[in-house]
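Attaching a single structure in structure tokens format; questions to follow.
Chains here go by letter, A, B, C and D, matching the order in which they are written, and residues are numbered from 1 within each.
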Amino acid sequence: MLSSMTLDARLTPTRTPENTARLTISCPDKRGIVAAVSQFLHNHGANIIHSDQHSTDPEGGQFFMRMEFYLEGLDLARGAFERAFAAVVAEPFAMDWRIWYSDQPKRMGILVSQYDHCFLDLLWRWRRGELDVEIPVIISNHEALRADAEMFGLPFHVIAVSKDTKAQAEAEQLALLQGKVDFVVLARYMQILSGDFLQGVGVPVINIHHSFLPAFVGANPYRAAFKRGVKLVGATAHYVTEELDAGPIIEQDVARVTHRETPETLMRLGRDVERQVLARAVKAHVEDRVLVHGNKTMVF
Amino acid sequence: MLSSMTLDARLTPTRTPENTARLTISCPDKRGIVAAVSQFLHNHGANIIHSDQHSTDPEGGQFFMRMEFYLEGLDLARGAFERAFAAVVAEPFAMDWRIWYSDQPKRMGILVSQYDHCFLDLLWRWRRGELDVEIPVIISNHEALRADAEMFGLPFHVIAVSKDTKAQAEAEQLALLQGKVDFVVLARYMQILSGDFLQGVGVPVINIHHSFLPAFVGANPYRAAFKRGVKLVGATAHYVTEELDAGPIIEQDVARVTHRETPETLMRLGRDVERQVLARAVKAHVEDRVLVHGNKTMVF
Amino acid sequence: MLSSMTLDARLTPTRTPENTARLTISCPDKRGIVAAVSQFLHNHGANIIHSDQHSTDPEGGQFFMRMEFYLEGLDLARGAFERAFAAVVAEPFAMDWRIWYSDQPKRMGILVSQYDHCFLDLLWRWRRGELDVEIPVIISNHEALRADAEMFGLPFHVIAVSKDTKAQAEAEQLALLQGKVDFVVLARYMQILSGDFLQGVGVPVINIHHSFLPAFVGANPYRAAFKRGVKLVGATAHYVTEELDAGPIIEQDVARVTHRETPETLMRLGRDVERQVLARAVKAHVEDRVLVHGNKTMVF
Amino acid sequence: MLSSMTLDARLTPTRTPENTARLTISCPDKRGIVAAVSQFLHNHGANIIHSDQHSTDPEGGQFFMRMEFYLEGLDLARGAFERAFAAVVAEPFAMDWRIWYSDQPKRMGILVSQYDHCFLDLLWRWRRGELDVEIPVIISNHEALRADAEMFGLPFHVIAVSKDTKAQAEAEQLALLQGKVDFVVLARYMQILSGDFLQGVGVPVINIHHSFLPAFVGANPYRAAFKRGVKLVGATAHYVTEELDAGPIIEQDVARVTHRETPETLMRLGRDVERQVLARAVKAHVEDRVLVHGNKTMVF
């Protein structure tokens, strides 16, 4: 229990207004990459705050880097800076690269069905300023969570989905999402997305699976966990690929359970893990900490 | 991702309508207690579902027990059953005892200031049916969380507190709480409650402290943790006693942190621990799993 | 750092000389079991210290119980006491039951190959008095760990195994184990045991599998985990059945890993989980806390 | 259970013979540090494998960096390389810095009393190649662990300590340690070291404290934890300073406990945490991952 005097100071927003940028790089590993990048940033007045790197193999492997730097002091406008980086550094090293600016929050689309736990958790963290995103689109195949979305002042679209209408429903979903969002979160969305949808949406899609993948892929993992008599249940946040439950894993965690659990209590205990794991994965994605290599991720 | 066909079945309420009762006992340890209690229950048609016991010392110690049993098949009305238990079992063994019935949910009062994380978490769990309680009274010293409470259809009272008005404010709080609640939760309530209030309210009061007690008692524990350079931050749910931060501990947990944290990010990471720890403590209390002995608890 | 004065007191043995017994029961669930057992124990002067129970379903399910009680005060000799229990309680309720006495430590056989971590951990815990067992037989298919075993004063038998000699080798193993041990631990034993061996040995066999089962069944789980890019690695202790990696799970745990791991560092991190998980499973088995029901366990 | 064919490959040593160096830096934060260091390394043919950095405050704070690089390809001998680094990079930025070479393992001294768990764990990890150290000196104030040390082929010195002989004993300890070790580990050494000893030994000293500091400083932490009724017990590895239990924390962890524990079982559960925490701290120190700033550490 704190005194009321200290409270106000602590409720001031933690989102700092400082302008920073995050540079992510993937390229064939060779000597001199770190030197070239850090020299370029220094020459243009960009002070490096954080730097992480990883190489799958120093001989013939792939090199990955994430650098965060202050924009204050930069001697070029953003466009010119990016063109210069492309010419001077990125092309010679054959880099895939991208720069995200902290004053341009990512736009997050949400697909959700009827379970409210992951959904409410994301909205609450957004309201608290924990997730630096905008939420321009929420789509559900049910009406159930409309009041929750509206409580947070967010738009809520319902597009019903049945076996017969799935193609049409996905077309309507795409119309709402394309060009409006930088990534999509499936916050317990109970429909399998088609390969056409994934290609059409054109941005990363993050799913929360309610088991410790690759254990219990597919439907009803809590029931499968109950039958197998495991002593831990887990959750896995991963990028969605066309192969069900097989995309690159971003984050996982588990909770201890006992023989006293039923499928229902496993589900209840699992809910707490699911929302924590999804929130950590989304936060890492939003902060450009997740780099993908094949079906694996680096989380810096 | 589950198919939509399995979804509806899973959303049916998990709160079972079965009538059960929970008997909690504390008495000086001696031979024959378990036999006497279980024989009595059996004789009156009560089938035991769960049974837990603990003795601080088999020689001259204190004995504690929690038994859960079905009411179906009971051969006496509740009042008569309790009178019989008192006469036949409780008095010979000098027991402190109590029976709670599952069809009479506990009434939970909430005191809260401006932080929303523990508060929203409790309301969400209540709505999900995870916490089998009624919430007849919510009191805050600020307006900040009124909209949240009303979103859940719950009454919200504001009673401002300052150093000069504290006695008057506590009197108003007591008027709202006395006789209306079975226990009170301080869901990050930023005022120290007086001994008079604690005696007046007459029911258990559960607090969430934002550190791993007894480390960092008092105000600003996250700042203290930052200064000490700890590698884990924690939270502690405990019953409130007149001695600040020294009451019986119900539940604790921690989260791993690194040198990169600031007091602000420690606070953010701590929030997730706080709400988990408080929720687990409240659930254990609601299910009569927490027995108190001096400044310690047994959690069955 | 403690003062040297407090040290000696703390090094006194923690193994208490008190005589206790542990009764485990499995039977069809029906009313009155707890009352009957506790009444019987009380009538014969046995003071109950701990009691745990579980029912898979109160209607037509299976009931499991573990009771621990003091032998001091018992009015019958052990044999007579067991005969009386069989006649008065066990038979009417159709119980599978067993009584273990704390002054008769279980005899643990160990099978091990070349990895030393689980093996040394068990021997160290045995020396410390953490595991109340005798170790009459250790068998390996390699010489590698002989010096370690002999350092602890324990016998060490080497029986080489190849595809051609497997049947003969298992016969030799059985000759060393049969009637000499109450259970067997595979402390990273790198040979698959035949169904004939499992039937022949006639006692429970505990294995440690180096993954979070059912993820990564079979060989090379750390390599499989590396390929899948999981964020946690685990270990599973289970009773061995004829179906590989599918027996009842006793204990599981995990450790967090990152993209920086190689299969080799996963193995290293996994070692710490393996030995902890195996030690906890063995301790639970030794204390008769593990009851088996089909392919699942209750761990009281 | 793996087939025996895969086993041999897995037992090949994991210690790679590759020559790498680790550079650690501490200096006032200013622009251009990363660029200067990485440019210098690149110019001299050193390929960077890992790079970590932290700044306590980009404005007027302290900057810390750890870089790991391959020595193969270096265009200078080690001495010339270090002199060039000092002149070109370190002096302009006023750096405290040091380079450690992977082919020169650190020399670890161990002080231990009678508890064997942390001690044996370190020796086992050393034998396994998990800790890349040499162990030239082990000193105890008791004979108890001589056989264990000798089993691993390590020298074992006994220097008895009493209140009257402490100064003399510390002088004898210093004679064995000075110039012979690069750091010292107190693997549950039950004597308080004097400030004179700490100054005399002149290398970092790592202690394992058997509580979650700053909870339960001082003697008998498990007894204090028992009295307070905590739900977790912990351990803390820290560098030793003259102020007891107040040095910079390197690593901490906890284990869950219940009301059933006694001070003895808390001690047993704590042992597993202690040895894990100490091993992780020692490994981080050995790999030059721990940088100290005031009474706090960065662990890269």
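Structure notes:
The definition used in the following text is that contacts are C-beta pairs under 8 Å (C-beta built on N, C-alpha and C of every residue); 3 or more make two chains touch, one makes a residue touch a chain.
Chain-to-protein mapping (UniProt): A, B, C, D = Formyltetrahydrofolate deformylase.
From a predicted model like this one, the values you see are computed outputs, not experimental measurements.
Although chain A and chain C share one sequence, what matters here is the overlap of their interface residues, and that overlap exceeds half of the numbers used. Looking at which of B-C and B-D shares more C-beta pairs in contact, the answer is the pair B-D. Distance between chain centres (mean CA atoms), chain B to chain C: 36 Å. Measuring from the averaged C-alpha position of chain B to that of chain D gives a distance of 42 Å. Counting partner chains per residue, chain B shows two or more touched chains at no residue at all.
Chain B meets chain A in the complex at residues 1-4, 6-7, 10-11, 14, 113-117, 120, 124, 128, 130, 141, 147, 151, 161-162, 186, 189-193, 207, 209, 219-220, 244, 264-265, 267-268, 272, 276. Interface residues of chain C, counted against chain A in their complex, comprise 54, 212-216, 228-232, 234, 248-254, 258-260, 295-299.
Interface residues of chain C, counted against chain B in their complex, comprise 31-32, 34-36, 38-39, 41-43, 45, 47-53, 55, 58, 70, 73.
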